[in-house]
Amino acid sequence: MAEAINEAIRHEMRRNKDIVLLGQDIGAYGGSFGVYKGLYDEFGPDRVRDGPLCEASTAGWGVGLAISGMPTIVEIEFLDFLTLASDAICNQAAKMRYFFGGQVSVPLILRAPIVNRLGLGAQHSQSLEAWMMHTPGLHVIVPSNAADAKGLLIAAIRDGNPTVFIEHVRLYAAKMPVEEEDHPIPLGKLRVAREGTDATIATYSGMVKPSLEAAAKLAAEGIECEVLDLRTLAPLDREGICASVRKTGRLIVAHEAVKTAGAGAEIAQSAMEGAFDYLQAPIQRVAARDLPIPTGKLQDSVFPGAADVEAAVRTAMA
Amino acid sequence: MAEAINEAIRHEMRRNKDIVLLGQDIGAYGGSFGVYKGLYDEFGPDRVRDGPLCEASTAGWGVGLAISGMPTIVEIEFLDFLTLASDAICNQAAKMRYFFGGQVSVPLILRAPIVNRLGLGAQHSQSLEAWMMHTPGLHVIVPSNAADAKGLLIAAIRDGNPTVFIEHVRLYAAKMPVEEEDHPIPLGKLRVAREGTDATIATYSGMVKPSLEAAAKLAAEGIECEVLDLRTLAPLDREGICASVRKTGRLIVAHEAVKTAGAGAEIAQSAMEGAFDYLQAPIQRVAARDLPIPTGKLQDSVFPGAADVEAAVRTAMA
Amino acid sequence: MTTEPELKTLLGWYGQMWTIRYFEDNAIASFRQGLFTGSTHPCIGQEAIAVGAAAALEPADQVLATYRGHGHAIAKGLEPRSLMAELLCKETGCCGGRGGSMHLCGVDKGFMGTNAIVAAHIPIAAGVALANQLKRNGRVVVVFFGDGATCEGAFFETLNMAVLWKIPLVLVCENNGFAISVPTRTAIPIENISQRADGFGLPGVTVDGNDPALVHGAVAEAVARARRGEGPTLIECKTVRWERHSAISAGKYANEEEAMKWKKADPIPRLEKVLLARGATEAQLQALREKAKAVNDEALAFAIASESPKPATVGDFVYA
Amino acid sequence: MTTEPELKTLLGWYGQMWTIRYFEDNAIASFRQGLFTGSTHPCIGQEAIAVGAAAALEPADQVLATYRGHGHAIAKGLEPRSLMAELLCKETGCCGGRGGSMHLCGVDKGFMGTNAIVAAHIPIAAGVALANQLKRNGRVVVVFFGDGATCEGAFFETLNMAVLWKIPLVLVCENNGFAISVPTRTAIPIENISQRADGFGLPGVTVDGNDPALVHGAVAEAVARARRGEGPTLIECKTVRWERHSAISAGKYANEEEAMKWKKADPIPRLEKVLLARGATEAQLQALREKAKAVNDEALAFAIASESPKPATVGDFVYA
């Protein structure tokens, strides 16, 4: 996925000379997880601006570039550091077009990876997408694979609205067939990752793979799960979720963020509002436990896996 | 409610000489909404530290005081500015006891008001409690009246854990009979603001009053709503909510935060998980529209009121 | 410093200062009459800064300011009518009535907007200036902010990067002695805010902010420096604030007298004396005052007569 | 500056520096062997700062540091065994195995912890120092951070308030030339980071951070000043970083040679020369080295032999 993101950015930067990258360690170093490899060499220090450590202002400068007609991609090294940039993103980027009555657009993309299960501890393991979902004016993108990452990032850049693009460090290495061609994927449309008739698993980002594993295992016993990869949380494809639930009658929502007030609650309640009459069992959530994330082996007691998804499906089927 | 909060703080500061207040305009001025009137005169500049404008560090200093055994109350002038303090609150205060294996406690209270419907616009009108609910390690308190504010604040101070105490500017003027005595209210227990049998309205803070109004109106037609004032969102009284829903079979959740990924989704999904079999209709949400908040008359098209609660109950009853 | 401005120039500034003053008078009166809600943050007593600074700019240069930014908007060429209509949240307002008193904008005039989060617009202004640098369009950005804002991280972080990258940015601090109720001296432990510059390697100057010619001189020099590609300058303009932070501030000041001293330091009568000494006539001045008043009265009438935005449009302008 | 330390003192420092060096060697080796996951940020090449600074403190004084803080923890008196057990996330670790390499703490030794958000611990340290001031307990806080941290808002904001309130805080910047891959000179447009102090009205000094005596002298003076109630001091210690930011850093440096120069600037052989010149024997030095190694080998064995925390305890320590 790292390569796919790199390609998407390279492609767009070639196409649109106004695009600028801001961040720390994004120069020769290529980004703290290597996503920007080669971009500095190709586009130079003006457009690939490796800067001092100050996330709050870096994002603010990005807003200024964006409203000046220069689409800007700001990298935050870990999603956990969103705390520092949240004023620029939530109080400025998300709202500026609105409170200025449409006089400006804010083509700002904030890229940040979820970096969990690595053992880096409580300040380097969080999934904060729900905060961004709760901020009107933003798009929130959570790809689960390389092809989607590329297509969604291209779409987000061209779309021209403030976007939080959330990657996943565990998926960086994954190489999948990526469209050679320039192939934007429309925002707000989920992808049916596996079709099924008995239960719907709605998930995204790092939980898509474990969900597919669980689905494969259950299929061997004749339980056919439909796995929805939501791809974008804002816009959220509520209709797509409800359509699947109307078919299967059961919903399991799976994510790696902590459970309480996570994206899963919104996804579940969307199905409640749009498909209540079809629900044959309570909607189940699979999520991290409501704890700060520990290091070491204790992590395994906090994060969910394929077995948890499987168990939730079984509960729903019971 | 301003007076009640003032009394609670005064009471605790007299009782515990280690308590310190930090913030801007909290000295002679008495706080930007006057909540601290007289405290500077009584406790002096050491304990009532009126400081420069730097919310991020002010909250960080508060963490340092707190882990040194000095319970600290940090005032943020508008809840919207939580963006600036969120690293200190979410990455430090909420997690520090955990990642230091219990070596420190963090008796830090962050007080901030929701200031909406006044016409101050998109950066001064937000209800961000859902972000805090999604942060394990915090308590989140959302009182709807003076007596609760006093009792909950006293409890939070004594409880000794990091707490986000969310007030509401519209409720400041409201004077209600406040317990003279020192009367902490246990965190995590909702209050049944009105008993009813036909539908449950779960709400908090500024939506309790409109919800009671709607309930009164519906009662005239024989529809008896049970109104739950949740009082704390973390801990959330899931059992109390489910008990009511098991009785009424219907749930309406009402808040002033924007709808998507708001506290309402969590409250609703909690009922789904604990009372699905009793639900006779889809859970309804009443919330602000998913927009940045405009100024002027347009605000009325964004924020919900008693009529919206009433309509939601009717939908649930239909 | 630059040469003394011509009389004609000074007369123009005088008229602008009155335009701003009357605008603010109308804003306060309208608020008191309930023509709009929320609050409004007058720049009365500080008009010389906006006017002197804007005079140093080309039309294509850009300005960003705070909630206390009505004067900067007017000085940058926005029409009082579209501004007053915005204060009254009318659809004819510069932001379609969505922004109100704290969110004004006029991109076509280079006025890139006011902001209600203290100091948040400083990095945004720097980003606009970086865009200018990258586009090599020769434009300079002036960002206005208060003394209080110079305690916020965003200000410092931006200074560091702006110096590093020699950004064409002029940072104008309006030190009006207070951040709401907090006197500058109890928030900032140095004599002059311009001294902040010393830790970052950029020039810092302090000028009397109630003299538009001094402000103009300092800003003109900084703008020239920025246009030469030599980077940012920090300018502190000492001034005195209108008695209250905003139309709704109600708290007590530690020292009420200090908080009321603006009337003694009013830049308008001061400029008047200079003008008369340089040969302007009372009649000339009166004509300028009257014109300023007329423009604002018309603006207010226009704003009052305008419609509120239709409820059905509440969802407009969220996404591009 | 203070007087030249006695030979005995210097020998003690030498032993401590080796204790830290061996600790870090074991940390890196353990990480490479997969004994723990995540990463670890060695302070190899920077030991003189932790040791020299800690020597200027009373046991009751407090220290806060960053993820690159193993050396500071050891210098402040924490046991290598409980630190190594923490790195290996064992229940015998100083934080019960929840914190790992980036979150170490020893409140009973005045070590108020390390932090993984760059600069976030600087305001926290100031808050601890304010608590000391309010309690009038005479304690001083030393906070360590990197060059990169001095670009973050939290650093500047805290300087402003600390000077304003004369907080007993000593700010020690370990300028090791890099923030991950970003060379200091491409992030900070001034010659010495101590110059940051000029914009805030506190003393700023730069010392050679690879000489523990110079570090000790500067910190001792700052501590004395803080204890006298005269407020904070900013001390920049110039040093050179271990070749990689952390055990998992893999990116390319713009200038690889620059990034490898620590070995030429190693403070340990440098101190060795001084010791031998002042009459220490090679045997004495060897004994200290061996003791340092033995302590760390025992610590590692202890850590390896310890148990991981029980899964059932994962929810402990969230609330008081």
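Which chain is which? They are A, B, C and D, in the order written, and residues in each are numbered from 1.
The rule is simple: a contact is a pair of C-beta atoms (placed from the backbone, for glycine too) under 8 Å apart; a residue touches a chain by one contact, two chains touch by 3 or more.
Predicted model, so just to flag it, every value in this text is computed and none were measured.
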Among the remaining chains, which ones contact both chain B and chain C?
-> A, D
If every chain is reduced to the average of its C-alpha atoms, which one ends up farthest from chain D?
-> C
Measuring from the mean C-alpha position of chain A to the mean C-alpha position of chain C, what distance in angstrom results?
-> 40
Expressed in whole Å, how far the mean CA point of chain C lies from that of chain D is 45
Let me have the rounded angstrom distance from the C-alpha centre of chain A over to the C-alpha centre of chain B, please.
-> 29
Shared interface positions of chain D, touching two or more other chains | 97-99, 103, 115, 117, 151-154, 157, 160-161, 164, 186-188, 318
For chain A, jot down the residues that touch at least 2 other chains.
-> 51-52, 54, 56-57, 80-81, 83-84, 87, 91, 98-99, 121-123, 136-137, 289, 291-292, 294
Have a look at which chains touch which and call the overall pattern line, ring, star, complete or other.
-> complete
Contact residues on chain C for chain D in the complex?
-> 151-154, 156-157, 160-161, 163-164, 186-190, 195-201
Which chain A residues qualify as touching chain C in the complex?
-> 20, 46-47, 49, 51-52, 54, 56-70, 72, 87-88, 91-92, 96-107, 136-137, 159-161
Chain C - residues contacting chain A, complex | 93-99, 103, 105-107, 112-113, 115, 117, 120, 122-132, 134-135, 153-154, 157-158, 160-161, 164-165, 316-320
Residues of chain B that touch chain A when the two form their complex = 56, 80-81, 83-84, 86-87, 90-91, 94-95, 98-99, 121-123, 128, 130-131, 133-134, 136-137, 234, 236, 257-258, 260-266, 268-269, 272-273, 276, 279, 281-285, 289-292, 294
Spell out the part of chain A that touches chain D in their complex, as residue ranges.
-> 24-25, 27-32, 34, 50-54, 56-57, 80-81, 83-84, 118-124, 289, 291-292, 294-298, 300-302
